[in-house]
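Sharing a structure, written as structure tokens. Questions coming.
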């Protein structure tokens, strides 16, 4: 058995889909962020995989992942700051309570 | 390693210098001088803008970092357009920035704003998806912080959380799409992608395109990626909203065009052409349908801006130099029109705290000048001549139809029919101000100097940009000779 | 034909990725979710190592596992009140989430399978060494990343400013 | 630029706008309005005379006073002006009605804003009639439409919000189709790639292929047709007119609706004669229906303005109907009908406004015997009615007869039948006009309170007399107008049509 | 001929109209009246001069003795196409000269008469203005050089008739009568107009001289064109005749004329007895050479005329209102003229009996104008005296009003056809022409003539004899001088007009022609008339039960006649029930609810849609991303779909 590209891609996709599922279902905003991390991570894995399997002569995918990790860190940090900000004002991190503005 | 290539990025460097000056001023000047920061930043930005606009050496066509970065007369022009918008936003926000509760965050507002502008610059100039993503994130993440700046209002925080969550989600999906693109083409340079994709058509490519479009469409608030827009516009401080609605959107629109033609131009026909048709129709229609029922002015303008984004997209789908010129012109006009509207909203909000359309009843009796500005803005947004909005709409339609297919006629017809709906809701504002017979809600007040200057500029733009033809002529001349034409069919 | 060892390794890593991701989004306890995320990230790092991107794997562990997860844990501790650290999911949102996840899985899965089903095995290629990585990061030629590197510094600066301005009390 | 007299049709209103903005009291406002409208009238007369001179001197160009200034160079958009007999007729009509309208709104509340909008509207109207560039034409067209919203909304009466919105949206809906049509015309304006917006050049090139004509003709015709109150897009007219203030009704029915007919001719038919020839039957059915339908509807209305609005539907339907007959006589008739309808409807609306201003009702069931109370207005009303039902010596007759004779020159059964159907409108018109006159003016006084009402004031008299004299002038010396109009039908389109 | 005088004939009344119409309200009644009379008097003199010049100046007679048709002037008024032009001109020929005389005479008489009759009425100046307008229009009509000019003045005549009928505008009946008159004639004019359009399309001309000088050419130009089985020429002529039917109150378009009696009586005399109502006859006479070519059209005219004549006579026997009796009598007499014109042609281009019918018709038109005006003015005097229109309010008036009595009697004798009064001669010619064409039609018309004599004398006796009611304090008084003079003058004319050698002046081919009284026919008709008068005398001379007996003997017939054969009810049904309620209201409803409803529905649907999709913006960020993701996937699906397609 050869471990071809698709053998890695599917777990990575499942990871992404888990992220989607978690993002849509979890009430806790931090849990949503965790799900987001899963998605981003799946993307990173994809890049790396494509790079290594399809274009082994170069490093674009890998470097994208490298920068993506940094970006993910920045995003997370900022998002957590905002979550804490809102937690201060309404004392909850339940996302379903945050729908004052709608329609 | 040729570090002199950084010198190609003249505008970015200039902007960073402005940023640095503001940052230094904010950090090292005594607290008492903080009051002067808004004026300082505005003037600085104004100088920078003027320099960019009138210094021809900045408009050269250059490519740096092995094609990762590109600038040209067209790109310089769109950056200048954004600069102008930012100057107006800054002037209009002087009073708000000087308010008591903004005092501890005054400097940050300007710093974040300049960084996002820098991000937009990168989006526009990037010819590599990594740089583009960084630009995109720089243009959206700090915005979340800006949205949350108004700490006294809960809505501001709610808007920020909605914004950041959807933005991150969107960027994940966007990067997923990019990974597909990478898999298909083996590179993230636009030109390589263009070459590699020529002749390709696979499900993966479509999916990749859909994800990429959704990522940029999120910034542009195309339906169905627009849902954050209304809440964020409503919740954010008015100055931030106005910035978000025009500058961010304008940059994204131009970047969108660049991506679609320079990276994916080879698969225009049959693939993203039709996807964009669908998106445009949806965007214009849904935006309009939502806008009809809005009573909160900022929310109302949010949906109006959604539908405007659809019109802007007509310039993309035109896929020709005329469309590009029309798109840039549309952005310029849209900046003026929308900022005029937000200028009035901001002035009234700052003076009375009222943002509901119902509060605008009888405004013409108490504040005739503000009402007049608002009316002109509405007319311009609705595309009524002789205001600039009419010209921009006309040219964007003309540019789109230049594409020539029958489908585009149908699309433009649908867009045109939608202008009726949009006219309806714009007239609702006019009606509230001029026709409603109830007693006025808003008392007569005197708007601040900055607000007035801002309105004067925007009104001058609304009236002048169309009638004075040289702006559009310049843009069309510039685009017609631009290198980007090679990508159009 | 791969060696049995690498197949076993594949099974372990892939299974860990899938299992921990699923657990991370289904567990009711938020702190556990963070932990599962950590394991998932480790699995990903393992993958990077397997593919020969040691530097990347190291960054993954350092930044993600070391930085972000810690951030999560702190924020969880900051925001959760004792006693309500488990959440119940509405079945409606479950269905919606499932629909979205499955739709995504089917579509993207189909696209990938259609494209890569009978595709290459891992090609032989020397692992990039640190020198090369360093040059790539600092170079300005084709395929080199000085400009993004500089740009991201601005982004990070902005995020710091943003984070500070939001999170700080006045 | 300023050596061309036509440009002053836009300059004068703009100057008026400026002057109005500086006015401080009602006297100054009136002075500006009157001076401006007199200047416009003088200007249109001057252009008319000059035009006749030039024609008499043998100038056979399709349009005179042609001038063109670059505007948006890359798109070849010009501010191009030029007039032929038809445009001049329309210019004269507009200036007369604006003059009369200024006097009819002598005592309007908030005069400054009112006149500002009114003058803006007339800027659009004049600009439209002098333009020969499709873009500028369209621009002025829309400039003329939008002030209606505020004019009705602020100064109107009754269900004004609804009416103003409906009117604006429906007309803008028409202009949506129009815009598409115009852009389409532009892109097919030339075979050799030198695209142009200039009507004359497009007509000369004749490059629009028949397939595109089939698409663009309906677009433009419907686009303008909405403003021309073509069935079934006429419903803005009753509501809009009913709610509009006097001068606005006058200007709208008198001039603005003419934009529709004029545009149908100038753009749809002139530029796309082939499609016009082959698709005319569809619109003939619609307009033919319009003519009779409007008249029948008018028969049972009880609101004076509704009656008049439906009558406008009928009369304007006749305009489009005649245009579609595609021969010189019928088209001459169409333009004359535009003049005639413009003047007499303006007169009607002026009178209705004056009556409404006194009795505060427009319901004919609540009024009666006004002849006794306000004989001057009543007599004017009768004259307007007589003009409307086609009494010889007044304008309606000559226009209608020209149309009927012209229409009858089409020898096939289809055209014949519809011509006869259209002819029937003269009877129905008589029915509803006489019904109103009988109920409103004659008979005993219905409401005792009405007996104290006063007759017309001097400005009202001036306003109505202007219009009556114009109506009579057309009715008595029709050949002058017919020749003015007829000389301008460029032979080009008729050669394409294979018609005389 | 110099154009000054003909032009003045037209312009003077027009000028008077404008003068009195605009400045009238500033004048005194007297001034306005006398100005009107002066204007009309001048016009009268000029017309007489013109007519006499035409008839007696040899320059208007061609070498073969034919009177030429002289176009005095012919100005282009409105050019339609190269061929079709409306000219305003002045055509002088035997019939127009005749009509000039008739119109100005009657009009002047009425002007004069009105000085007395209308004295003190509100709107006196307006009245004179309208009279002038009418005179102008009528004169323009008769001198028309082309059919469109005729149509123009035709319409103007209709309008002035409308204004004059509705003179008492505060009276409901007057207003509705005027409306009815206008609309009915308008309807007829529609036919006229279409007829003109058809005819002019084929002949390429409006001009009378062109059409009538060589009618076979007209026939040739319409050759081959048919519509629904009839030739186009037939259609055109019948349609044109329809116009004439309307103005001349032929059945079934007669219903407006009796109602038109709501106008002031002098107006009835002028318009609805002498001048306007004969416009239809005049029109047919004008186009006679063309009608001659078309048998079907001629037949149509004869049938309509004969039916109308009888019908009107029957109705006239039962009416109570004296003006209505006269109105029906007018209808009947005009029908005589129509029949006469019809029987003058054989329908194949040949004339019957040397075209006697044409001459007779014109002759009768002339005499009838005089005596019918006389009768109306007499009736006016009576009404002036007793303030009622009904004969029931009168009786025995011969003692109170001798002049009126005698002049009225002369009028009655004239219309009844008793020699030597003028009606005898003209009616006799008509009967001769009828008998020559067909004995049946001759007998039919003789019967109508008998009825005429009967109903006129019924009226006469009922007014001047019958009983002697109590007039109370207000004894009926004799007419004042301005009213009496016209009566006397017209009576005198009625006495002598029959002796005019009419055939020398007016014939179909304009060749002089000697009238021969056919004494068999004349004798018969005298006997018949005398018998009818005798019967009337027996029944109505003294108050008795005989009329009631007759009425009870034939109740159905009497009812139908009294109710004018229910024509008005039928029209009422058609106009109100069918057109108004059956067409107009549904259309108005359709417009408001279906057409406008559709337009409103666009707005409603948009609003509904807006409301329906508001759930999309739920405020839940998780829903947002859900929509986002599904949207992106659907977009991809759409893209794939497009790709496959």
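Going by the order they are written in, the chains are A, B, C, D and E; count residues from 1 in each one.
Here is the rule we go by: a contact is a pair of C-beta atoms (placed from the backbone, for glycine too) under 8 Å apart; a residue touches a chain by one contact, two chains touch by 3 or more.
Source: prediction; values computed, not measured.
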(message) Taking touch as defined above, what minimum step count separates subunit A and subunit B?
(response) 1
(request) Would you mind telling me which chain pair, A-C or C-E, is linked by more contacting C-beta pairs? (result) A-C
(message) Need the most distant chain from subunit B, centre defined as the mean of C-alpha atoms.
(response) E
(message) By Cα centroids, which chain is closest to the centre of the whole protein?
(response) D
(request) Tell me which chain's centre, taken as the mean of its C-alpha atoms, is farthest from subunit D. (result) C
(request) Between subunit A and subunit E, tell me the centre distance in angstrom, where each centre is the average of that chain's C-alpha atoms. (result) 96
(message) Just the number, please: Cα centre separation of subunit B and subunit C in whole Å.
(response) 32
(message) Can you work out the whole-Å distance between the CA centroids of subunit C and subunit D?
(response) 70
(message) Distance between subunit D and subunit E based on Cα centroids, please, to the nearest Å.
(response) 37
(request) Note the residues in subunit A that touch 2 or more other chains, in rising order. (result) 16, 19-20, 23-25, 32-33, 54, 58, 60, 63, 67, 71, 74-75, 78, 81-83, 85, 95, 98, 100-103
(request) Indicate the residues of subunit B shared as contacts by at least two other chains. (result) 130, 134, 137, 141, 144-145, 148, 151, 160-162, 165, 169, 173, 176, 180, 183, 203, 206-207, 230-231, 293
(message) Show the residues in subunit C shared as contacts by 2 or more other chains, in ascending order.
(response) 93, 96-97, 100, 104, 107-108, 112, 116, 143, 145, 148, 152, 155, 159, 162-164, 166
(message) Dump the list of chain pairs that touch, please.
(response) A-B, A-C, A-E, B-C, B-D, B-E, C-E, D-E
(message) Using the touch definition from the top, list the residues of subunit D that touch subunit B in their complex.
(response) 71-75, 77, 135, 138-140, 142-143, 146, 149-150, 153-154, 160-161, 164-165, 168-169, 172-173, 176-177, 179-180, 183-184, 186-187, 215
(message) Quick check: in the complex, which residue numbers of subunit B touch subunit D?
(response) 322, 325, 379, 384-386, 390, 394-395, 397-398, 401-402, 404, 409, 412-413, 416-417, 419-420, 423-424, 427, 430-431, 434-435, 469, 472-473, 476-477, 480
(message) With touch defined as at the start, can you tell me which subunit D residues reach subunit E in the complex?
(response) 166, 169-170, 231-232, 234-236, 239, 293, 296-297, 299-301, 310, 328-329, 369, 371-372, 375, 386, 389-393, 397-398, 401-402, 404-406, 408-409, 411, 419-420, 423-424, 426-427, 430-431, 434-435, 438, 441-444, 478-479, 482-483, 486, 500
(request) Going by the contact rule at the top, pick out the subunit C residues touching subunit B in the complex. (result) 107-108, 110-112, 114-116, 138-148, 151-152, 154-155, 157-159, 161-166, 170
(request) Please give the residue numbers of subunit A that touch subunit E in the complex, ascending. (result) 20, 23-25, 32, 95-96, 98-103
